Structure formats: structure tokens, C-alpha cells
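In the two complexes below, chain A is the common chain; its partner is chain B in one and chain C in the other.
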Partner chain A sequence: MIKHLRSAADLDAATATLILDTAGEMAALAGREVKKLPTLRGRTVVNLFYEDSTRTRISFEAAAKRLSADVINFSAKGSSVSKGESLKDTALTLQAMGADAVVIRHPASGAPHRLAAWVDGSVVNAGDGTHEHPTQALLDAYTMRSRLGRLDGLRVAIVGDVLHSRVARSNVLLLTTLGAEITLVGPPTLIPVDIAAALSPKTKVSYDLDSVLPDMDVVMMLRVQTERMQDSYFPSAREYSRRYGLDLARMRKLPEHAIVMHPGPMNRGMEITPEVADSSRSTIVEQVANGVSARMAVLYLLLGGKA
Partner chain B sequence: MTSYLLRGVSLLGAAPTDVHIVDGRISDRSSDPEIIDAAGLVALPGLVDLHTHLREPGREDAETVETGSRSAALGGYTAVFAMANTSPVADTAGVVEQVWRLGREAGLVDVQPIGAVTVGLAGKQLAELGAMASSAAGVRIFSDDGHCVADPRLMRRALEYVKAFDGIIAQHAEEPRLTEGAQMHEGEVSTRLGLTGWPAVAEEAIIARDVLLAEHVGSRLHVCHVSTAGSVEVLRQAKARGVRVTAEVTPHHLLLTDELAASYDPVYKVNPPLRTASDVQALRDALVEGVIDIVATDHAPHAVEDKECEWAYARPGMVGLETALPVVLSVLGERWDLIAERMSRTPARIAGLTGHGTDLSVGSPANLTLVDPSARRVVDPAELASRSRNTPYAGTTLPGRIVATFLRGEPTVLDGKAVK
Partner chain C sequence: MASPRADASSKIILSESDLHRVVDRIAHQILEKTSGATGTVLLGIPTRGVPLARRLAARIHAFEGIDVPVGSLDITLYRDDLRLHATRALGKTELPGGGIDGRRVVLVDDVLFSGRTVRAALDALKDEGRPSSVQLAVLVDRGHRELPIRADYVGKNIPTSLSESVRVSLTEIDGLDEVKLTGGDK
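What follows is the complex of A and B.
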């Protein structure tokens, strides 16, 4: 088993599949009255969050607690971090406290890579800058596999602000490893340069959502921040949602079996309309539940649990 | 003054000969000289660096004029030009004279201050260029390096104004709006790493504009740290038209590529950023051809805490004085005359610096360095004389060892060690 999960590229197909299978076993646990395994008793998992992200932190916290680990939440706000302590000094502090795993969310791309050089424990990337969010990709892959029965050959459109999206990068890497075919859709200003060469040569790019939808098994809508408007990535929120938002009319262009995903939090009315978000094709709430199972699987396997 | 006899030295790779140094000059004889066994060593005119950051005044924890001078001498340099982005900024006669005096006191290389183009490097108002030019420091090169003189009107005025005292503007070519938040070269690797890209066009657009401005007002322009294949093409065309433009390339842009950022280790973060392998090849070709005139180090020392952090929070820059010649040797091979041209004669000529970059013939000032081309060295950051350790070559084996350096006939380096 790998030691760290810094990027979805750390996972080969066998390892990724093992994590998804393990997540399935963890999900079965959620149906029991006692939702707890003793596996990580006595181990310490630190949630080191330099960005506000209540949903991701809670998901990791629930995952670690269900495995009986001791959980320490270290938030950048109201801690020595706001007094200017460096990441290295924070890492050495956590190291001295005996952290077996550090789950890190950080606004700077690559922060988990730096952290891994300074701690002995496992490092799990819970989102770094505009780089990656590999556990989100795992829970997304798990959700697709549960709903559609397979990943190999699945056609997935990822729509929106790919340039700034860590979710998109991790999903392209992981889903390609598992045999899915990815099409990235968005305005040209929000599709990063050389994306196919950078992530996977099979990745396709389209600027026209309508032409892509009829062939897709999955459409994943990314959160688009309205601040991007000020930076001229697109002219207005209204024009964005007209060209790249998913509404009922567009959803009807999808094949019957196709599902709609969103990593959350959503901008209802911007990239997705409420009718679509709340429809039976939407897996958005399911994704949250699967997040706990996927993160349990990651912590369980990284910290040496047996599958 | 001691006389020296360099016994069996090879001048720029020629057959071994004896070179005498008397009263600071090359001589054809000497009486009772100190003999230096120079068998197997190649003599080059002392190297001249048009682009060094010595950090004093302001960041003496990263480098001082003295430590930077020692680093330069150990790298084979006899003159370095100190960039203006100190604290306070070298934008007045007072600051440039202070740096100049500190250099003379250290006495290891000639430290020639570069003056800021604009007050506080703010890009708003011309600094007192004339006062710096007529100060004891005799400033001839002006640069806001670290910042681009982005305002085209201000750049035009600066180019025109310095004609009065044969000055030259050295431009840090970076269109600021195209590089907001930029962290590394924009391309495949930046996309993969999720780091904001620094597009090649941000450099090329400024160079294209500036060669047109220089042509329009008939002034000299020097382009700092050229890093892209596209910039080379812009320069080639401008030179073919007769524009008075010169350009430099750093050793790191001749050797390293953006792939190194994949470690997220900010020792590889530099501005302009490391580019692609095809840019590296274009820069090497341009240097050989002469489209790029010189190698300049952009020696940029940084304190440990400014590099031991997240990539986005780290300061850009690499130390380079002690590794420049070995890197160039590894890139160009033992083409000694070409190396002398690109690292000594031409930079001295661009700067109008007399007494440096001259051939080692009888009567010339004895500013020279002796290199052992057969030696190989594994770069160890702990061994650097610079106060900072941010070299991208840690653990790399590089050819060539600087054995001795002479400044006006006195050794600053002997047996590979600084004499003071």
C-alpha cells in the first residue's frame, strides 16, 4: 500500500480498485446499529485545515472516528498558524505529538508534498490550492460505480471552471486510470493549457455543452465562483449559466440512465438549477454519504489496516 | 606588490606558456615572483556579471556585499553589477555610493552598483539617474529588476534620458497584468501541478515593445534573463534591423526545465521561471550564435525561511555565482574563447567597464581566473561562500573548478579558497 495520498496519480488501477472495494465494505457498516470499527484504536489522525471547509473536515472526522482513531482538529484560524507559524514548524509540532496521519487542506498547491517531507506519518491531501482533491475523486468514482455498475468505458463530462478546480484534476487522473473517458467542457478561458498532455492524452475538450450531453453516462458540474467574472474569465453569471449551466432542458439531452453529479457546495441557479440538483438523476446527497466511506477506506488502508 | 608567475598556464586553451604578473598587469618578465604551478589550468579574463543581487543594504541575513563578493571571486568573477532592489532601494546617489564603497572595502571583486530606473522601483517616476551616473559609483546601468518598467511612456523616457551619459536600461521583461499570481512557466506542468502559469508571451510582448521603443528613440536596451524561444526570435529580428539591443541568459535557464517544479520544492522557483526543454535548446543556440550576448547569473540569495515553505509563499531566485562557469562549461563545452566572450569581454563592453574583459596580453590589467577543466565537483550547498544556500544544483556533478582568481594582479582566490 502507498504511504501518502497526495495526488490521484499516486494510485494505480489495482490500488484505486482496492480502495473502492474497501469503501463498499465500509458503506455496509453504515447500515448497522453500531457504526464503529476498532481498527485504528490508539492511532491519531490530525485534520490540519488551513481553509474553511466544514463539510470536508466533518467527513474526515466522521471517517476517522468510525475507525476508532483519536482525532485532533487543527484549524488555521485561532491557532499559532495565524500568528505566522510556518508549515514546517506546524509539521514538526504534529510530528512531536505522534500524528499517525495528517489530513491537510491548504490554499497553496503542493502543500501536502512539502508536509510529507517533514512528518513521518501518512499525509492525505484534502484539497490543495488549485491542484488536487483525491478523496473527492475516490468518492465520485465510488458513486459512479455504485449507480452505473462500472467505471471502465464510462463516458464522463466534467463541466465548468476546470482551470481552478482541484476536483477536476483528481477526477481526470483517477477516472482515466480506471478506464473512463473524460470530456472537459467549459469556456476556453477556464480550460487550462495543454490539459490532455498534462493529465491524460485521452482527455477530450469541448466548448459546447449541448453537443456533448447526448453521449454521456455522467455529467459532473463544477462550482463556478462569481468572482471569476471580475477577472474576465466570462462576461456575466447570466451568460455563463446560459452557455454552461445545467437546467432541465439540457438534462433531457442526456441518455436515460445518465447521472448528474456535483462536488458541492453548489451555486444553485449558476452552474445547476434547483430542479436538476433535486432530481432523481442527481447523486449530490449520495456523494456526501459516500465521502465518509471513501475516506474511511483511505485511512484504513494507509494506516495499515487489512482489507 | 608581489609579482606572480603562472607557470605552464593555457591561455584560453592554447599551448601552455608562462604568464608574469607585475604591478597589477600582465608582463613579459618578473623578478623573484611567487610561482604558481598552473599546469593543466586554463586562464580566462576575469568574469564579469551584469546581474547580481547582493542584498545589502536591507537583507544582510541573506547576503552582504562582502559575502557576495567572496562568492563571486570563488566563481571566477572580478566584477559584478549589484542590482538595485535593496532596502532602501538603490535609487539615489547616496545608496549607490554606499554599495560601491562596501565593495571597495571588501576588495574581492569590483562591485559596480546598478541604479533603479524609478523611485522605489514603483514604476511611477524616474529616479535621479544623472545623480547616480555622476556619483563616485559612476552608474551606467539602470534597472528596476524584480519589476518591469511596464509603463511604455516611462520606459521611453528612461531610454531617452540616459543617452546623455551613455547609460543603458536593463529591462526585467514581464508584462505585469499577464503574470498576476504567476508561480511557474505556463504549460503542461503548471496545469498538472495546479500552479498559476507565467506565460512566455508576458516576456516576449515586453521585449517586442521595448526593442521598438529603443529603435524609435535610438537608445541602447539591455534585456535581463531572457527565458523563452519566442524572445530569442524577437531579439534576432531586432538585431537584424540594427536595433541597439543586448541580452543576457542565466546559467539556470540554460540547464534546468519546468519539470523540476513537480517536487514543489521552491529551490526551483525563480523569476522568470524555468521553461521547457525546447526553450532551453533555443537559448543555448542563441548564446552560441550571439543573438543572446552574455551569460549573467541573476544570483539571488534568499534566507532559509523564505524557501523552506509552500511553493506559492516562497521568494523566487537562486544563487549562482559559484556555479555559473561550471554550468556554462557543461552546456558549451571547453569553447574557451566563446566563454570569455560571453562571460567577460561582452558584459564588460556593454557596461562600459574598462580594465575588465581584456585579453591577457602584456600590459593588460591582470584581472583573470584560472580554471581546472578536468576537475569534477558535486555541488554541496553547505560549502558555498554565499550566505544563502538556495542552489538548485545540490548533489549535481558539474565540470570545472575555479582554482585562482586575480583582481588587478592580486589573488582573491588561491587553491580554490578565498584569500580573505
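What follows is the complex of A and C.
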């Protein structure tokens, strides 16, 4: 097993499948009365969050606690970071406290890679800048597999702000490894030139959502990251919504079995309409539940064995 | 996969027909000790305890026409030696419909050795529900207990040395039925 999970590219097909299978067993255990498992008793997991996050932090916390690990939550606000402490000094502090794993979210792409050099424990990337968010990709892959029964040959459209999306990057890497065919869809300004070739040569790019929909098994809508939208990537929110938003009329163009995903948090009415988000094809709530199982699987596989 | 040298010092303890007779006997004993297997659930411990539990249920059905619920109970997450080995893949836990609350659970495993697997199984069981009682059935008891645990049903007691290993093969997993003792001092 690997030591760190910094990128979805760290995972080969066998390891990724092992994580998904393990997540399946963890999900089965979530249904019973006593959800707690003694597996990681005495291990310490630090959640090191330099960016705001609700679901990812809570999801990691729930996952670690269900496995009986001790959880220390650290958020940059109200900590020594606001006094100017560097990532390295914070890392050394955590090291001295004996963290077995550090789950890090950081606005700078690559922060988990730097951190891994400074601490002895495992590093799990919970989102770094516009780079990657591998556990999100794992829970998405798990959700697709449990809804549609397979990943190999699955046609997946990832729609929206690919430029700033760590979710998109991790998903392309992981899903390609597992045999899915990805089409990136969005306005040309939000799809970097050559990104398809850089991530995986098999990835396709389209600027026209309507023409892509009839061939898809999965449509993954990305959040329009208003906090990163200082520049004019598209003329107006309404125009974006009309061309790339998923509404009922567009959803009807999908094949009967196709599912709609969104990593959350949603901008209802922007990239997805409420009717679509709350429809039976939407897996948005399921994705949150699967997130805990997927993260339990990752923590167990990274920390469960001999260090 | 066995090396020629291991084969040279290996001994068949239960042949195919021996193994079938042993399973038949345990099935009879379970029927006898549980007054007709009423309120009883068989839970196999992966990997080889699971097909054994299914076989016991099939034999009980053949003898008395009773359908005993069968399931599996994976104990990996409850092991006390996780930190001594590389991470293990998980097995399946599938409880039969109706669960285990208030029922008599018979745990089924292939080999009883240190007793640590059974301890982990008891811990796992406690988190799944509250059985009225728990019993243990094993195909082979090879001794060397490290915990105060004993089996209620034993297929065969095999005195072993610690350097030997007991290898159980079952058709469902290994393609043949057989129990072998390998290794040890010549």
C-alpha cells in the first residue's frame, strides 16, 4: 500500500479498486447500530485546514472517529498561522505531537507534497489550490460504481470551471486509470489549452453541452467558484447558466440510466437548477454519505498496517 | 505453490472423504446440542470459514430439512495484530436477514490456533448485535492457545509444533478438499 495520498495519480488501478472495495465494506458497516470500529485506536489524525470547508473536514473527522482514531482539528483561522507561522513550522509542531496522519487542505497547489517531506506520518490531500482533491475523486468513483455497476467504459462528462477545479483534475486522473472515458465541457476560457493532453491523452474536450449529453452515463457538474472569478471568464452568470447550466430540459437529453453528480457546495440556479439537484437521478446527497466510507477506506489502508 | 521441500515434509491429515465425514459429524453435533438448530445462525469467518458454514447448513438441511440462516463475519478491523503486518484487505460481513439479536450464533472457522481470531470475532459480534449465546465450530484444532478460548465443535484435534503449519483446502476456494500439515522438524 502507498504511504501518502497526495494525488489521484498516486493510485494505480489495483490500489484504487482496493480502496473502492474497502469503501464498500465500510459503507456496509455504516448501516448498523454501533458504527464505531476499534481499528485505529491510539492513532492520531490531524485535520490541517488552511481553507474554509464544511463537508470535507466533517467527513474526514467522522471517518477518523468511526475508526477510533484521535482527531485534532486545526484551522488556520484563530491559530498561530494568523501570527505568521509558516507551513513548515506548523508541520514540525504536528510532527512533535506525534501525528500518524495529516489531512491537509491548503490554498497553495502542491502544499501536501511539501508537507510530506517534513512529517513522518502519512499525508492525505484534502484539496490543494487548483491542483487536486483525490478523496473527492474516490468518493465520486465509488458513487458511480455503486449506481451503475462499473467504471470501465463509462462515459463521464465533467462540466464547468475545469480551470480552477481540483475535483475535475483528480477525477480525470482516477477515472481514466479505472477505464472511464472523460469529456471536459465548459466555456473555452475555463478549459485550459492542452489540459486534456496533460492529464490523459484519452480525454476529450467539448464547448457544447447539448451535443454531449445524449452519449453520457454520468454528468458531473462543477461549482462555479465565484471566489476565484475576479477575472471575466464569461460575460454574465445568466449567460453561463443558459449555456452550461443543467436544467430539466437538458437532463431529459441524457440516456434513461444516466446520473447527475455535483461535489458541492452547489450554486442552485447557476450551474444546476433545484429541480435537477433534487431529482432521483441526482446523487448529491449520496456522494456525501459515500465520502465518509471512502475516507474511512483511505485512512484504514494508509494507517491500518505496519507503519 | 508449495515448494518441493515443503511437500516432502507434508502430511495429509484429512482426505476429501475424511473431511466430508467430519463436516457431517459437526452438523449432527450442532443439531444435537442446539435441540434441532432452532434459533441458530451460522456465521463463517472469512476466508475458509464461510464455505464451511455454508456446507454445515447444507448438511443440516439434508439431515433434518431445516434451513439454518448462514452469514459471514469479517474480523479484520478487530484484529490485535494489524500493526504487525502490511494492511490487509477486508473480507465480507453479511448477516442473514433478521440479524443475530436473541439468537444462538455458531461461529465457524477452519483452524483454531492462538484463539486471537475468535477473540476478534467476539468483539465484532458485540458491535453487530446481542446474540443469546455464541458457540464455536472449527474443522481443525491445532493447539497452542494464547487466550482462554475453546471450541464447542471440533472436526479433528491435531497436535502440532509451532514450526508446522496446517493448510486447509476447500473446493470452493482451492479446487480440492484436503487438510495438510506442512513444515516442522523432520
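Note that in this section the second predicted complex is superposed on the first by the 299 of 307 C-alpha atoms of A that agree within 3 Å, B and C clash if a C-alpha of one lies under 4 Å from a C-alpha of the other, contacts with A are read in each partner's own complex, and residues count from 1 in each chain.
As a working rule, a residue touches a chain if its C-beta (ideal position, glycine included) is under 8 Å from a C-beta of that chain, and two chains touch if they have at least 3 such contacts.
Everything quoted here is computed from the prediction, not taken from an experiment.
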First, second, both or neither for A:E132, with chain B first and chain C second: first
Which superposed partner A:L29 touches (first chain B, second chain C, both, neither): second
Which of chain B and chain C A:T39 touches, first, second, both or neither: second
Partner chain in contact with A:D100 - chain B first, chain C second, else both or neither: neither
Chain C - residues contacting chain A, complex: 74, 77-78, 82-94, 123, 126-129
Chain A partner contacts - residues on chain B that touch it in the complex: 183, 186-197, 263-265, 305, 308-313
Partner chain C, residues of chain A touching it in the complex: 1, 18, 21-22, 25, 28-29, 32-34, 36-39, 67, 300-302, 304-307
For the chain A and chain B complex, residues of the former touching the latter: 86-88, 106-111, 113-114, 128-132, 166, 169, 192-195, 197-199
